[in-house]
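Note that the chains take the letters A, B, C and D in the order they are written out, and that residue 1 is the start of every chain.
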Amino acid sequence: MGFYLIQTLNAVAFSVLLMLCGLGLSLVLSLMNFVNLTHGASYLFGSYVAVVWLGSGAPWWLAVPAAFLAAALAGLLLDRFPFARFYGRNHLAQVLLTYGLSVMFADLMRLGFGAEIRSPALPDLLRGVVFVLGMPFPIYRLVLILAGGVLALVLWYLFDRTIWGAVVRASVADRRMVETLGLDTSRVFAVVMAIAAGLGGLSGALGVGMLSAYPGLDEEILLHALFVVVLGGLGTFRGTVAGAFILGFAMTFARVWLPEFAGFLTLLAIALLLVLRPDGLVAPRLRQV
Amino acid sequence: MRAHAWLLCLPLAGLLALFGGDYHLRFAAEILITGTAVMSLDILVGQGRLVSLGHAALFGGAAYVSALLAIHAGAGLMPVLLAGIATGMLLALVMGLVATRSVDLFFLILTLVVGQMVYELAFHWRTVTGGADGLRGIPALALHLGGASWPMSGARSLFLLAAGLALLAYLLARSFLAAPIGRALVASREQPVRLAALGYEVRRLRLLAMVFAGGIAGAAGALYPFVNLYVGPNLVHWSMSATMIVMLVLGGVGTLHGAFVGTGLYLLVQTYLSSFTDRWQLLIGLLFVLIVIFLPDGIVRPGWRRRQA
Amino acid sequence: MNLLALRGIRRSFGALEVLRGIDLDMAEGEMLGLIGPNGAGKTTLFNLVSGFLPADAGSVAFAGRDLQGLSPAARARMGLVRSFQKSLVFPGLPVVENLALAARLRLGGGYRWWRGRAVAEEAAARATELLDLAGLAGKADTLAGALPHGLQRVLDVLVALAQRPRLLLLDEPTAGLATDEAQRLLGLLRTVQPAPAVLLVAHDLDLVFGFCQRLAVLDLGRLIAVGPPDSVRADPEVQRAYLGGLA
Amino acid sequence: MRPNLLTRRGVLLGTAGVALAAHCGAPAVARSEPLRIGLLTSLSGPFTSLGESMRAGLELLIADAGGQMGGRPVELLVEDDGGKPEEGLRKVRKLIAQDGIDVLGGVISAGVALAIRDVVTEAGLPTFISNASANALAREAASPLVFRPTKTSWMLGHTGALWTFQNIAKDGGLTVGADYAAGREYIGDFVQTFQEQGGSVGTQLWTPLGTTDFSPILTTIAAEQPSFVYAFFAGADAVRFLQQMQEYQLQDLVKLIGPGALFDQEDVVPAAGSAALGGINTFQQSPTAPAAHGFVEAYRAARGRLPGEASTAGYVTGQVIRAGLEAVAGDPSDRERFRQALLEQPIETVIGPMRFDPRNNQAVLDIYVNELVAGPDGQPLNTVVHTYAGVQDPGPAG
């Protein structure tokens, strides 16, 4: 009983981590119809920033905002060049551009942060466990679940329930119309790109306590994020959350029950779901025709 | 112009075959074989705008089957080639059945997923595939014809074999694209909805193109083990598919022959530039991004870039 | 037997009922004009008949066969062919190839790789014939995307004709064309042999009234009048639908 | 210690100003001509940090040797295999045919080692596998000119089982490993020896290579409360496994033992931090082994950290090559003589005395049992608690 309760909590924590990774990717896809494969690099960048921050002795609770800001700044620069001229293009062009950039960033980060595995010095506050029915569960993961939940709510409110979100969506649907209203759409896009990249960095800072940071992690995270987002239905917010939880539970329980086939089974589940629901779990608002 | 470039290639290949050393011939054979697989990917990417991240699974899957046949049954050139083609086509069919309902990002992910399933199989089915260690001890290749038998294991004969395969595959691909099905594939890239309104089943068209490309990739894969005398799971991993796309873009999408140029460029940079700097990946990435940014039509229009020698 | 028979077609988008029970018949070779104000549901009806959208209720029968569940491509192969409001040619292919693409499939060689020569030649002949008919023979090798807008519209209709349709659904084929260009385009539909039945949507009422034997008027998802031009013109409900908005 | 952009990666470490001799044609041996050592290692891909360490280790030895071996200046040519056998093969062919190397060392990944085995054998190139541990290379894939101055998987799994059986528990333990060739070998050899000793092993858990989240396994461990866990992970997997063990507070509850890679002093311990404390491993190498003392200090001076397996392996490979060359007066072109010289006399290395088994050219090594205790700086330090002397792989017959 306690065993399965904890395994469920494990699955939830992992799902939240997947959701965090997918959110930034999903945001630019749903709002700007832009495929950003540099997202994994944003994540890893955030992880490194957090490691360096925590190693420097600065207040630990500022590590996450610092990672957010650093990655957001990088996103802002990327938006100016070269992303902006690819916003209206087809997915293929975007995939190629951002994949090439991610190869470059991976090598640059290796140059800057070294090839070694880096881990953060976590504050003692986050290191304890709680016992649930006699089984240990780490406080760090509880914090992760909480942070992920709050973040998801904030984003959902911001983009689905405020005028601000409406402006972004309108900018995508009919750019010229919004511009006649006197709004600068390129600034809107820049802000969204910065937030999305920042989210990548933020999830990197939150996840680094679990996954560490090392060259190659960017690709692993990108793959997970892509699975989550595509499974959910290209960049719908609810879909990303659903995709993350399905993948998180599938991966966790495949490892509990059939660990030797876990990799294959996870892929099979993704393929089956996408064959049954070719547009993902939640049909998107916007689609490229 | 294109014709001239090809006329130049033939004497070059001849010179290499006559005077090249063992190492250079093997290297050239690897470029030609990998290039053939990349060219088959160009049929999908360049003509059908179907960006597959699972193409290495077709190529590498055929390589595994070919290596296994050679190790366990001592198969010669013809059976190995046929088995490779069949494997490539079969895997492409499965991949296509799963992925051709979708386009763009969905297609990309579904081909990636199917390709990774092949990888999982190659990685975990240790008793057959050797798992992470791969297959080695591949016997020399020979051509058996009516009782007679010619060894094909020398670097020179492997090079000539690879060159023959590349040329044949190139001619086949050209005739495929010039034929009604190839024209329809181009049309499906431009206006899939309109094409459906003409009565074409776009899915069937994409499936046929994938199976055709899979056959070529499979033929190339069948020869690969004999050049390297080794087959391992890296060959079917998605990162190999991504590398193939990088090679394709470097050489020019939609040109067919650009695939060979790009493959050669990539492998040369990887082999030689990496002796001088740890940062060769940065340079490849930069070159790639510059091409994508400043030659944007390449993705849409075939024949956009003709490399003058 | 009717060539096309629509019975009780309904379709909504969310809370919006776009089509509320359409019954319509068309005979072989007949030219029927479908008119109605913007948003009346004309394009939706086209999408339902050609299979690009499923209907919520009702049936579509073509040449006596229920089309339920058939893909757009399958319907096209039966001879139920449509054009699009936004002209959709294949811009990267030469003009003659645009037509040959359609003709080859009709001749059973659309997916051929080898041994397709006979089919290809016949398709090319058919394409050339149509180009001659439209006076476009000189443009055969131009890329379709390089044609001026008017000629792209003509090409679009020619592509549809190259499929040898029994029924042609034309959605605003004359939009953006000068009157004489439009006249010539519709004239083409009369001269081509065998002449298909045509369901024509156009905003230029003079054109529709001039060319069609029968008219159907769609308003707010209902057919409010079906009949010969004169009786439709005199119909008070039609006058209200068209003039009411202005009054 | 990264070379600058566009300087030849193979640094000329011989006498300054020795011109690059033309390297086509037969390797004519003149005394003044530099001896070319090829190093195939990973400078991109998953084993990058190991590859950089291995390169640093070998460079350190060549510097210690004054850039000379057997009276000849030494030129080191480093090539990157990216952790991929296909790339490694191409690089080895290039080193042989184009650069005309005299000996080859390196190789991190077992896949690469097995892939190049036939090529170097065919070329008759004396080859030293510095790091890859696949048992096959000491058994069915052994080759007369392929030496392995490092362990086999069996040597670590076997000694791990001996130690566990004698000092930890005779039953009630479980194993967990990364599900690929190396993991299967280590765990399989551990279980076999453990059972031969009369012990019994409980559940065997496997997780995919590159597992990000170990929580399903950790909860299983927490539920089973085993007497010990024998685990094999390497690199980032090892760091994550140790940290997550600590996160779930299993570190103090369960005795953790594994092959040395799980607690590699250079690759894993700095990142894992206190999560590594209390662990036990069997390893051919240890920073606290008496033989390693001078090397550890020199390496720390050069790179500011303690050496791990890869850097030590790079150094040891250099020592072995050097010993062989000294014995043949710097001329390895007579392959059989070179081989005999290597087989005949034991070599003193920084991992202890080493001799090669004439059946398979596999090193017979002292295997250390290391316990991770807090070092002088508070960081966990692999500390030798026992030494199994002269451990020999069963070899081709085994």
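Throughout what follows, a residue touches a chain if its C-beta (ideal position, glycine included) is under 8 Å from a C-beta of that chain, and two chains touch if they have at least 3 such contacts.
Predicted model, so just to flag it, every value in this text is computed and none were measured.
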Which chains sit in contact with both members of the pair chain A and chain C? B
Measuring between mean CA coordinates, which chain is farthest from chain B? C
When you average C-alpha coordinates per chain, which one falls nearest the overall C-alpha average? Tell me, please. B
So the centre of each chain is just the mean of its C-alpha atoms; given that, what is the distance between chain A and chain B in Å? 33
Calculate how many whole Å lie between the centre of chain B and the centre of chain D, each centre taken as the average of the chain's C-alpha atoms. 35
Using the average of all C-alpha atoms in each chain as its centre, how far is it in Å between chain B and chain C? 43
Sequence positions of chain B contacting 2 or more other chains: 124, 193, 279, 281
Residues of chain D that contact two or more other chains, please. 179
Contacts with two or more other chains, residues of chain A listed in rising order: 260, 263
Make each chain a node and each touching pair an edge, then name the shape: line, ring, star, complete, other. other
Where do chains touch, given as pairs? A-B, A-D, B-C, B-D
For a test of understanding, state which residues of chain C touch chain B in their complex under the given definition. 50, 52, 71-74, 76-77, 81-84, 88-93, 97, 100-102, 104-106, 109-114, 116, 119-120, 159, 163
Going by the contact rule set out above, which residues of chain B touch chain C in the complex? 175-176, 179-184, 186-187, 190-191, 193-202, 204-205, 208, 212, 300-302
Touching residues of chain B toward chain D in the complex: what are they? 21-24, 26-27, 30, 123-124, 126, 130-134, 136-137, 228-230, 232-235, 267, 270-271, 274-281
Can you list the residues on chain D that touch chain B in the complex? 2-3, 5-10, 43-44, 77-80, 84-87, 89-91, 93-94, 96-98, 110-111, 114-115, 117-119, 134, 136, 141, 179-182, 184, 209
Interfacial residue positions of chain B with respect to chain A in the complex: 45, 49, 51, 98, 101-102, 104-106, 108-110, 112-114, 116-117, 120-121, 124, 193, 238-239, 242, 245-246, 249, 279, 281-282, 284-286, 288-289, 292-293, 296, 299
